[in-house]
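The data blocks that follow each hold one structure.
Each of the two complexes below includes chain A, the first together with chain B, the second together with chain C.
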Partner chain A sequence: MADILKVEGLSFRYPDSPKNAVSDFELSIPEGEIVVLAGPSGCGKSTLLRTVNGLIPHMYGGEYSGDVLVAGSSVKRSSMRDLAQTVGFLFQNPENQIFMFSVERDVAFGLENLGVPREEMRARVDEALRLLRIGDLAQRAPHELSDGQKQRVALAGVLAMRPKLVILDEPTSLLDPKTASELVALVARLRKELGTTFVVVEHRLDLLVGVADRLVVMDGGRKVLEGTPRDVLFRDEAEAHGVAVPAVTKVQKLLAGRDAGRAAAGRLLTPSGLASAVEGRQA
Partner chain B sequence: MMWLSGGFIFRRGDSFYHRLDPRAKLLNSVLMFVTTLLARSIFEMVLVIVFMVGLSAAATVLKRVARTMAFTALFSGFIFVVNVLFTRDLETSVLYAIRFIAIVVSTSIFFITTSPDELEQVMKMFRLPRDVVFAFVTAVRFIPVMMLDTIQIMDAQKSRGLELEKGNLIRRVRNMIPILIPLVVNSVVRSGELAEAMEARAYGAVPRPTSLLVYRARRADVGVVCAAVVLFAIAAYSFYFVVPVRFP
Partner chain C sequence: MIEFRDVSFVHQNGVRALDGVSLRVEAGEFVALVGENGAGKTTLVKHVTGLLKPVSGSVLVDGVDTREASTAQLSRKVGVAFQNPDHQLFSETVEEEMSFALRNFGFPPELVRDRVSWGLELFGLGEYRRSSPLILSGGEKKRLTLACILAWDPQVVMLDEPTVGQDAIQKEKLAGTIQMLKSAGKTVVVVSHDIEFLWPIQPRVVVMKGGRVVGDGPATAIMQDRDLLGSARVAQPQLVEFYQELHRRPGTPFVHPLDAARWAEEAMRP
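Up next is the complex of A and B:
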């Protein structure tokens, strides 16, 4: 399948900063994948994301070399208007991306800006509300919503623009565990129903390993590890780069050290995987 | 303070008046405003106020309009005293004092029955630039957020030993600085994030953005506008051309 996102030798340095925020970065993401981007705070994840939807270089100045291609066209040469329709960006704090007084108006915000005719806008807003199952909130004001609901509203506003690629910047950081796992289930469902590609920056990897196709680890502005979550998390470097290795994986690594036979059960990432492995051994 | 300022903040309601077209509500408030300026006697002014109170009751906002009146009464007391001192004319002074209340009430009725969404529509109708309308929209949108911010900052500073309720007036004003600085810094950070989110949602992509909602005048709106104009004409005529009616 064609690559929806291709980062080619990208380096970027903010003005007044002594070192690159992102260095010699290479990445190809085929359409329809869920990719998790992990790494310690300040490792350049947010900067990388901003080069994908064009905030860098269109809104921020700085030293930019290499190229980022979204659906085959260069971000540098695309307008914010075109990029906004291909790349959806869910920022960390949902509060600061809800502009209007009612949920449905806010979901329509991007479409209004693009000059989408009213009938089509109505249909797309209703579709987005339905996808996120927040139709009952349509008339609510932002301050009447919980954090989880705000997150859904913000995501609905992004999806109404029908982006091929959606970026989620630490989407669960303000959510309680239950709402967070609901959000992850939602991402998996949207990928299945719409074929949307997701790039997710996330620290709570145990939430996402079950649905992610790929895990990319960044440190110091560079890509240090890349592969399926299973491959990356069982590498010893993963923890050294500050990746939160799921407890199940840690348990298995510990057991593997003591009894080589147990490791043969396969590399485990999730509690359900562990449960069935244990059951299998008992049977 | 919060209790009193409630007289100008919209809260969702469901009366015939709330449902009117925002343009009809605006016209109505403007006409009431002008009528208060035309009234020449206390009796006429009281008539205008009685009308506005009746309208508020019909719009189920009487309690909040009463708050507005209580709030403005403080100022109108001041206006009365100043007028008595300068004009030595009791009737005129009372008239001015009541007129002030009436003016505030006429605008208050508009603001407490018109949602921010509708206000935005009215601003668009006056062909204000999109940026101006949007600035207004975000300002109103973030009022509750900033209020929450303020409370959190106050709690945080109090837990660090800041004593807000102590000292004389100057001291108290100075005590607000540790509240204001984080609040301003927060808002600046927030505005940066908002700008990014606006770009990501294609703000300014086309010169004439479309709108999800559309306001069309219905029969009820036309009816109310006609009634308002007729009433205004009668009031204006009698206040202006007929000898002023006074309390006996």
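Up next is the complex of A and C:
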């Protein structure tokens, strides 16, 4: 399958900054994958994301070399308007992207800007509200909502654009655990139903490793680890690069060292899966 | 130290955010507030700082009713790092940001300098001393707000979602900082969805739902109560779930992965 995102030898340095925020970065993501991007805070993840949605280089100054291709087109040579129809972006802080007087208007905002016909807009907004279970909030003012609800409103606005690539910057950070796992399940379902590619920046890996195809770890602006979540999380360096190895994966790894049998099976186990493996039951 | 007596609070839009909350946190206690989005956790925190005053009932901090105390008096006692650091950062430089409250509280200049250096060092922000807080990453901003608060040494430290944007290394440091505050006799209240972060540090856990306190007890007891957690949309820590899934239970849930692995190794031995 074609690469929806290709990063080629990318380096970027902010104006007045002594060092590169991103250095010699290479990445290829085939369409339909769920990729998790992890790494210590300040490692360059947010900068990398800005080079994908075009904020860099279009809105920031700085030194840029290499290239980023989204659906085969160079971000440098694409307009922000074109990029907005291919790449959806959910910011870390939803307050940065919701500002209309009602939730419904907010979700419709991007579509209005693109001049999508009224009926189609209605249908897409309703679908997005339904997907995120916020239909009952449609007429509410966003500023009255809790942070978790704001997050869902912002994501509904992103999904209403039906982008090919969706970037989520720590999407679960303000959500309660149950809502967070529902969001992860939603991401998995959208990938399956719509073939959407997701790049998710996330520290809480326990929720995502079950659905992710790939885990990419950045540190100091560079890519330091890449592979299936199991391969990366089993590497000893992972924790040194600030990766939050889920507790049950740590146990699985510790057991795999002694008993290369069940516990070392190729996939990451859930807590109940690991309990079954330990007791010799069928997982 | 902090006492809520049958506190209710209703937002201007009519939403009842706190509904008859009674809660007592002793000096030196470490409490985690958990619960679904909109359960009232942040509203509760804002009542301790006096930012919000109860519609009915009363909130006492160190024996003083928050309705009778000024915000300045309360903030000297209670330091809060809110969820969104952008609401708290306003200075031109990181150094200035940290000095601001200290000068306001009347600390002498040399002490301000010392405290600022101490805070920046502790939270790994030294290289940003003369940078604008706005260039920091989300996680770094969170650490800066925390550093600002600890610098003036309040008796009560409240952290609203402190692990958001923090990597595993920073979370471990944060856990260490909480331990340090505990051993210094501080009262620490943490609001967090990050159950995996809370479990190893074993707080007293207060569960909120719909503006009420629906559960309160030691982490080991609360985290094993699946029905309670499920109703409040809180997940179980992985190690507790693992422990409960085992048919031969070893006694108490594992707190650290090493304990779980050691036990499992024994169980797997032929």
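By definition in this document, the second predicted complex is superposed on the first by the 264 of 283 C-alpha atoms of A that agree within 3 Å, B and C clash if a C-alpha of one lies under 4 Å from a C-alpha of the other, contacts with A are read in each partner's own complex, and residues count from 1 in each chain.
We take it that a residue touches a chain if its C-beta (ideal position, glycine included) is under 8 Å from a C-beta of that chain, and two chains touch if they have at least 3 such contacts.
Not measured: the values here are computed from a predicted model.
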> Should A:93 be classified as contacting the first partner (chain B), the second (chain C), both, or neither?
Replying inline: both
>> Just to be sure I read the superposition right, which of the two partners does A:228 touch: chain B = first, chain C = second, or both, or neither?
In response: neither
>> Quick check on the superposed pair: does A:125 touch chain B, chain C, both, or neither? Answer first, second, both or neither.
In response: first
>> Just to be sure I read the superposition right, which of the two partners does A:55 touch: chain B = first, chain C = second, or both, or neither?
In response: first
>> Quick check for you: in the superposed arrangement, does A:11 touch first (chain B), second (chain C), both or neither?
In response: neither
> Should A:271 be classified as contacting the first partner (chain B), the second (chain C), both, or neither?
Replying inline: second
>> Need the overlap of the two footprints on chain A, from chain B and from chain C, as residue ranges.
In response: 93, 95
> Quick one: in the complex, what on chain B touches chain A?
Replying inline: 115-117, 120, 134, 137-138, 140-141, 144-145, 190, 193-206, 208-214
>> Considering only the defined contacts, which chain C positions touch chain A in the complex?
In response: 11, 13, 15, 35-39, 83-84, 86, 135-140, 161, 163-171, 193-196, 199, 230, 233-235, 237-239, 241-242, 245-248, 257-258, 260-261, 264-265, 267-268
>> Which stretch or stretches of chain A touch chain B in the complex?
In response: 50, 53-55, 58-59, 80-81, 84-85, 87-89, 91, 93, 95-102, 104-105, 108-118, 121-122, 125, 142-143, 157-158, 161
> Quick one: in the complex, what on chain A touches chain C?
Replying inline: 14, 38-43, 46, 92-93, 95, 144, 146-149, 170, 173-181, 203-204, 206, 239, 242-248, 250-251, 254-255, 258-259, 263, 271-272, 274-276, 278-280
